[in-house]
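These notes concern the structure reproduced below.
Order of writing sets the labels: A, B, C, D, E, F, G and H. Residues in every chain begin at 1.
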Amino acid sequence: MTEQYDTLEHVLRAVHANTLSVDEAKAQLNHYDELGFAKIDLHRTQRQGFPEVIFGEGKTKEQLDEIVHALIKHDEIVLITRINQEKADSITAKYCHLEYHETAHIVSTPIKHIPKTKHYASIICAGTSDLPVAEEAAVTAEVMGIQVQRFYDVGVSGIHRLFAHIEAIRQSNVSVVVAGMEGALSSVVAGLVDHPVYAVPTSIGYGANLQGVTTLLSMVNSCAPGTSVLNIDNGFGGGYNAAMIIKMIEAH
Amino acid sequence: MTEQYDTLEHVLRAVHANTLSVDEAKAQLNHYDELGFAKIDLHRTQRQGFPEVIFGEGKTKEQLDEIVHALIKHDEIVLITRINQEKADSITAKYCHLEYHETAHIVSTPIKHIPKTKHYASIICAGTSDLPVAEEAAVTAEVMGIQVQRFYDVGVSGIHRLFAHIEAIRQSNVSVVVAGMEGALSSVVAGLVDHPVYAVPTSIGYGANLQGVTTLLSMVNSCAPGTSVLNIDNGFGGGYNAAMIIKMIEAH
Amino acid sequence: MTEQYDTLEHVLRAVHANTLSVDEAKAQLNHYDELGFAKIDLHRTQRQGFPEVIFGEGKTKEQLDEIVHALIKHDEIVLITRINQEKADSITAKYCHLEYHETAHIVSTPIKHIPKTKHYASIICAGTSDLPVAEEAAVTAEVMGIQVQRFYDVGVSGIHRLFAHIEAIRQSNVSVVVAGMEGALSSVVAGLVDHPVYAVPTSIGYGANLQGVTTLLSMVNSCAPGTSVLNIDNGFGGGYNAAMIIKMIEAH
Amino acid sequence: MTEQYDTLEHVLRAVHANTLSVDEAKAQLNHYDELGFAKIDLHRTQRQGFPEVIFGEGKTKEQLDEIVHALIKHDEIVLITRINQEKADSITAKYCHLEYHETAHIVSTPIKHIPKTKHYASIICAGTSDLPVAEEAAVTAEVMGIQVQRFYDVGVSGIHRLFAHIEAIRQSNVSVVVAGMEGALSSVVAGLVDHPVYAVPTSIGYGANLQGVTTLLSMVNSCAPGTSVLNIDNGFGGGYNAAMIIKMIEAH
Amino acid sequence: MTEQYDTLEHVLRAVHANTLSVDEAKAQLNHYDELGFAKIDLHRTQRQGFPEVIFGEGKTKEQLDEIVHALIKHDEIVLITRINQEKADSITAKYCHLEYHETAHIVSTPIKHIPKTKHYASIICAGTSDLPVAEEAAVTAEVMGIQVQRFYDVGVSGIHRLFAHIEAIRQSNVSVVVAGMEGALSSVVAGLVDHPVYAVPTSIGYGANLQGVTTLLSMVNSCAPGTSVLNIDNGFGGGYNAAMIIKMIEAH
Amino acid sequence: MTEQYDTLEHVLRAVHANTLSVDEAKAQLNHYDELGFAKIDLHRTQRQGFPEVIFGEGKTKEQLDEIVHALIKHDEIVLITRINQEKADSITAKYCHLEYHETAHIVSTPIKHIPKTKHYASIICAGTSDLPVAEEAAVTAEVMGIQVQRFYDVGVSGIHRLFAHIEAIRQSNVSVVVAGMEGALSSVVAGLVDHPVYAVPTSIGYGANLQGVTTLLSMVNSCAPGTSVLNIDNGFGGGYNAAMIIKMIEAH
Amino acid sequence: MTEQYDTLEHVLRAVHANTLSVDEAKAQLNHYDELGFAKIDLHRTQRQGFPEVIFGEGKTKEQLDEIVHALIKHDEIVLITRINQEKADSITAKYCHLEYHETAHIVSTPIKHIPKTKHYASIICAGTSDLPVAEEAAVTAEVMGIQVQRFYDVGVSGIHRLFAHIEAIRQSNVSVVVAGMEGALSSVVAGLVDHPVYAVPTSIGYGANLQGVTTLLSMVNSCAPGTSVLNIDNGFGGGYNAAMIIKMIEAH
Amino acid sequence: MTEQYDTLEHVLRAVHANTLSVDEAKAQLNHYDELGFAKIDLHRTQRQGFPEVIFGEGKTKEQLDEIVHALIKHDEIVLITRINQEKADSITAKYCHLEYHETAHIVSTPIKHIPKTKHYASIICAGTSDLPVAEEAAVTAEVMGIQVQRFYDVGVSGIHRLFAHIEAIRQSNVSVVVAGMEGALSSVVAGLVDHPVYAVPTSIGYGANLQGVTTLLSMVNSCAPGTSVLNIDNGFGGGYNAAMIIKMIEAH
């Protein structure tokens, strides 16, 4: 089989030097075009420490087993979100070095094996019912190698609880605010810090909460600049964005 | 014409005493029945200082003139809400002892002529754009004889502004919180006070605010007990409810 | 460890008297600051008879047990809302002086042990399906020490049922109106009384009722002033607001 | 040209009698088929007194002129709804025997020229702002030859106003209830009468009224059986349905 | 115990004749007042053949048993809607002369024992999935003593099926059209008949049908006059309205 | 019994020839009229290879058995959509030549027995969760005799996956794009091809996806001309439309 | 300047033949790459008769002038949609061979200069208010070289009007159905034809029509297979899709 | 007047040293408390280059003049968003060193006077109609001292336009994607880059776009991680967040 040329120039030079026929060059360049796209494909996994994220919901144990097998074979970090206890037990029984984060509903490479950044993200939540979403954010960021600090149960109905921690929150570089009901916490936090706030509405509430749609719309209308919003219950998205920011800061 | 008996008992006694025929009694009692309903009709105006409220929007100058004429003839307090400058000028030109509250869009009997309660209601608003609604609440309560204190431009994006006044707010007996956008202010206030909070959403905002529907739903979902909600931009309703509470407290 | 000073003045006097070093004073004042916030935290429980309210839904028996244990240890009144029969049995089996209000889905300190106010709140509901929400309102108010009168099954499709009780309703100081479907009852009541009406929409209905959203929006649009609205099925909120008003009246 | 046969039987008999060729019969029957449909088309106008209704909105003066010209030529009753003053002036200037109903925004054959039924429909409305829609219903029914009685400004915020007229309403055979805001009036009326109630929501209201959508949904959820609902502001539809019922009763 | 007087006049005459004391008369008249309202209350049952309708959903077997017991004791016609097989079996086992309409989910006095009107209502439905709602309408009307004709499975996707029956539909005096999905059938029917059409949207559909909300809104927007709309799946309401119309026609 | 004439002309000729009486002819023509409609009814099945489609959801095994029995008796192609494994097993056990498409939830005449078109439709889907809807589209088209090519798991979050297949997609004559979440794939595809794109939104997503309503609205707003939209999860509709187009192309 | 090579192969051959240097080849191929994309870009215009469509709304006269100038220079067919009379006058004054379609709000190359297909698309609309959208569809298709037949004012409230034309509609290969209000027409048409139906909802209606959203949802829920839906008032989209289908048929 | 002490420590030391009385210290510390909050207040302006942002909409020329006067007096950077040409002319006439960004509707300190960061943000928009929102984002970031690169008119209906610039976009550290209609562009971009993407939905579109609500919900549901969403048309919010990220990166 002919040698693989990795750039357009090499191919052209080979044609010019008669070491590559026109037809072979054509095939190479078509292949090169595909490689061009493939390069796009690989960009995520090529970033150090950014795992391939698996959305566990709706996948069978067998499908998850297959995916985990492939990831481990390639020495990838494992991060499976939205996975319930039963499926998680099945995975961790086989791949016993993996750990299950019960509240976060995440199976991952053990966090203690992953080096942490010096800068940290604040993960803030309003009430205890919001914990699963907050933990999804926190564990996602940790598996991505980010240091996080958790500030939980600091909702605005007792605002002094937030104020007790405001200095530590300010010293972080990004906040993920997880709240249900009227979602007022994200506005209050964004009014008190200098860094980007990712607001994650939860479906916690009842009646006119409309399964979190009210919370989402409320957060989108925040009067405090510096807020942007994720989908309802999308703790993963909050943690992922926060991690990208911290990574960039440490890289500079 | 026969004498008017004002209660059922009087009618029956007259029948018994033969001073009233059965037919006349029957007519009287039918009349009594109507009075029964009429009594319902009059109950609002019979309360001291509770004016007949006129919703000015959609009424012509002529209609407003006629109504004001009738109220003044009966020595009633005048309170016309949602009346624009042009119509107000027309009314106050003719009834020059009335005053126009420009921001509130209200024409009323001059507030300085109306005795005030000792207890007061807090009228709180988030931003300067919410002022017209806040003033509608404040002036409504004042015309109803209630003392109010205004705490304006204390939105949660700069929460220290609210905290500077929190003690004075706590010493009032009811709060009306007027806010647009995500409406977080009502939750924060209700978490800090011991008295009922009337949350008035405004249509201030844009995009996903949906002309105040988001604010309304957000306030209905408040995580802080002690909050109840009025229609969008219904400052009048907030002031009216607050006034009823203060009046009852002073009456006891 | 140094003595705890409970006010700013004491700290300053101790510094002035050289019985407290500057560094210790600084630590004390930082602590004082936290106390300042904590004082906010405690304000609810410091009001006589206002219990710490526990939202039972989503809490495990163990969590509820722990919370009840703590409340009883501090001689607090117990009020757990949205608790089902099974969890309630588990709690009342252990804390046998507590009682379960089956329709209201509430576990509380027995109401007969709680002194009642002289003034009363009217709890009014439209149909028998609305009873659980109405009872949540009524029992909440009773546990908060408020006298209530219940006027049930008086919906507008047979309006004479309401009229039979209208005088008793008028003599109360606040009404909580609980209704589903089109929620017309709150408008009719508010048109007949002089006091604040808290409208609690229920999710009773079907089709275009949209799980109570239609009822909520309908009540928010009430043509009768003196109405404010709670979240769908939020009987607790209605009872809580009513109780605050009655308490204030009796306190004056 | 061949004679026109107006029924299938005539055609067949003519074929049988050889006075009509097969081909001509075929053409006739195809024409008959069209007539069959045309018969459907004409059924409305064939009912005594049921005018061809013209929706005036969006039509030019010229288009309206042409339509009115055609109707008058065929001695039809004229009923143009949703026509503003300017266009109406243009029409009535030319066809001076027509009259403009200003509040109803209707141009019609003069009502005094149209014989009335003995039975009557009640047209009931909540507030003065609902008058244009109520009048559209009333005038539509009158132009269709129906006697109507108007009961206006009897909204539930002062329910005694409705009760003063309830007997007259009960003696009618159908009610059209026109209301905005929360639309409670239709439920109250339907609970008090024995006949069908047509509920017409209006777009009168603000904020969470959502241009009448809340009123519509509220009326659809009426707790009182015997209610059905028209589109927002569709007074015409209410009057039209009511007229059909009265006509059928008188016809039997 | 004193004799019961049934009218105001009798009471007054007895007072006048000294056969009734003033106090007793007062008690009687208060009772009369209640009767006055009760008269309103009873007005439905006083109409020949109009049963007290019981909404079975959410009621226990015991509650239903008690209600049925009371109705039968007063010789009332029984009509229980939205009752499932299990509860129905329990009722019909005890009251064995009652019958269960399985598709309609109705328990009633046997229809064959109820005299029928000469005029009839058309009950029309689009697809087989709409049958339960159509049958609820049909059986409701039949229990109310109305003759009905059923035209089922005549949806617009095969419009010839409707046309095969259009003459029979036209000869009825009212139509109830039951349809899901886009609900086009009610417009097509209303365009072909001269009588009122009650459109009953069903929750049959998926996706953007939004559990029947789309069907409801579609029917409310019908381009054909003579249509009015019931709540989603409210077959009972359609049958009830249709029955009122047929009854009135036969009464004249 | 008299002979059946299949066209209007034959009937008329028979009348003309006195071989058919006028009355019999009338009956025949009325029958003809019904046939006319029936012809409409049959038009679908008369198209070669277009099966009668059975919507399996909500039908019992017995109902399905009966329908399949009738189809097979008439040598029709069988296509039952939305049928679960259990019902499918019951059908395929009895009619063992039928096959169950597990992912598509379809029972059909075996696809290998159905001749395929030369032109093909592209069935494209975004993620693995969209497979059931995509397969419903693909199998529907195949049972209708259409060649399809499947391009699965080519969502826009890794757009190179789509580009790898874009030439093959372009060479087809119609595309069905199945996607959930934000549904961006249909816009991207429609921007790259020359043929009609049927966008099928799926209910895959969570939170603000609103069970596919967001996806539907998003696709309806596609910036790329050449897109039209089906109901949420309506893979059948996508496949059916695509098949009609391919059939027409091959027929010309 | 060096010669332009139009394919990859030519470039490679030139390199091989030493008539093109490696650097020049690289530049060419980068250019080729751009051309590759450009080819995508140009693919629409390369199809015979498919004009570049200009959305006129929001563009100034100057911007439109510039675009038209460029199109004419390249001998392109001109198709500007959503352009009002004033802007159209400005364009046609300068480019006097262009024509303005007033109802359609389109400026285009004169339709009489564009060759038509033999097969035709049916453009069907419900009422006269839907004409602008229907004409946008019709003219779009005509400018794209498609023969269209118009069937206007055939709404379902008088369904015989549609039936008079049903054979002609059936003989076309695609239908565009334009309707407002409840949009029932698209279901009726799709139930009667064998070809794809593009349903275009219009914003014609009021109240619960919600500016066409009800029509859109209704059409999406059509019970008749073979329907797909465009955005509200998107006549262009309907015409464009129809044209693509007719073009493909004629090309085979 | 006594000297001002600027920290807690200084006050305590002065008390200790007897140079400050306890009462004066108390007053100072209360003042300090206010300063504490004020410090929160000032935190935004203390960040280098982060201007006080003025929302121009709804403010009068006079109000804007006063604010600008104050800002300039304090040497603050000026940034007024949502200001129309007329008001802008009035401001820039008086403060002639300020500049008006016409498309962005922003008045600001001239951008050329503000030092730029080395890292840059990508501002990407789909169509020319989205330009005002994109420019609001770009100019906001520039006034905050951020270097931006604009990639405009690169919507997905012609996806090669985006690909031509993808490398430059990848080399930036944050992207703001501005799009209307279905908003697919943000998903496509987020799938191709490694940094946070701020999606700004615009109200560009019609019909089912619902003034940008569809775009917002679509973007919230993006299948590509790394996306978060701003309010509709909130270009400012996108630019502000992007600027915070770039600032943090340069600061490290």
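The criterion applied here is as follows: contacts are C-beta pairs under 8 Å (C-beta built on N, C-alpha and C of every residue); 3 or more make two chains touch, one makes a residue touch a chain.
It should be emphasised that the depicted structure is a prediction, and the values quoted were computed from it without experimental measurement.
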| item | value |
| --- | --- |
| Co-neighbours of chain F and chain D - touch as defined | E, G |
| Chain separated most widely from chain B, comparing mean CA positions | F |
| Matching chain pair for C-H (criterion: over half of the contact pairs shared, by residue number), options D-E, D-F or B-D | D-F |
| Which of A-B and A-C has more C-beta contact pairs | A-B |
| Copies chain D and chain B - interface residue numbers shared by over half, same or different | different |
| Per Cα centroids, the chain farthest from chain H | E |
| Chain B and chain H: spacing of chain centres that average the CA atoms, whole Å | 40 |
| Between chain H and chain E, distance of the C-alpha-averaged centres to the nearest whole Å | 61 |
| In chain E, residues with contacts to at least two other chains | 40, 158-159, 192, 207-210, 216, 220-221, 225, 231 |
| Which chain pairs touch, all of them | A-B, A-C, A-F, A-G, A-H, B-C, B-D, B-E, B-H, C-D, C-E, C-H, D-E, D-F, D-G, E-F, E-G, F-G, F-H, G-H |
| Complex interface listing, chain D residues touching chain E | 40, 43-44, 47, 53, 173, 192, 194-196, 198, 216, 220-221, 225-231, 236-237, 240-241, 244-245, 248-250, 252 |
| Interface residues, chain E side, partner chain F - complex | 129, 158-161, 163-164, 206-210 |
| Sites on chain D touched by chain G in the complex | 34, 36-38, 40-41, 58, 201, 203, 211-213, 216, 231-234 |
| Footprint of chain E on chain G - complex, ascending | 126-127, 155-159, 181-184, 187-188, 190-192, 205, 207-210, 214-215, 217-225 |
| Residue ranges of chain F in contact with chain D within the complex | 8-9, 12-13, 15-16, 18, 22, 25-26, 29 |
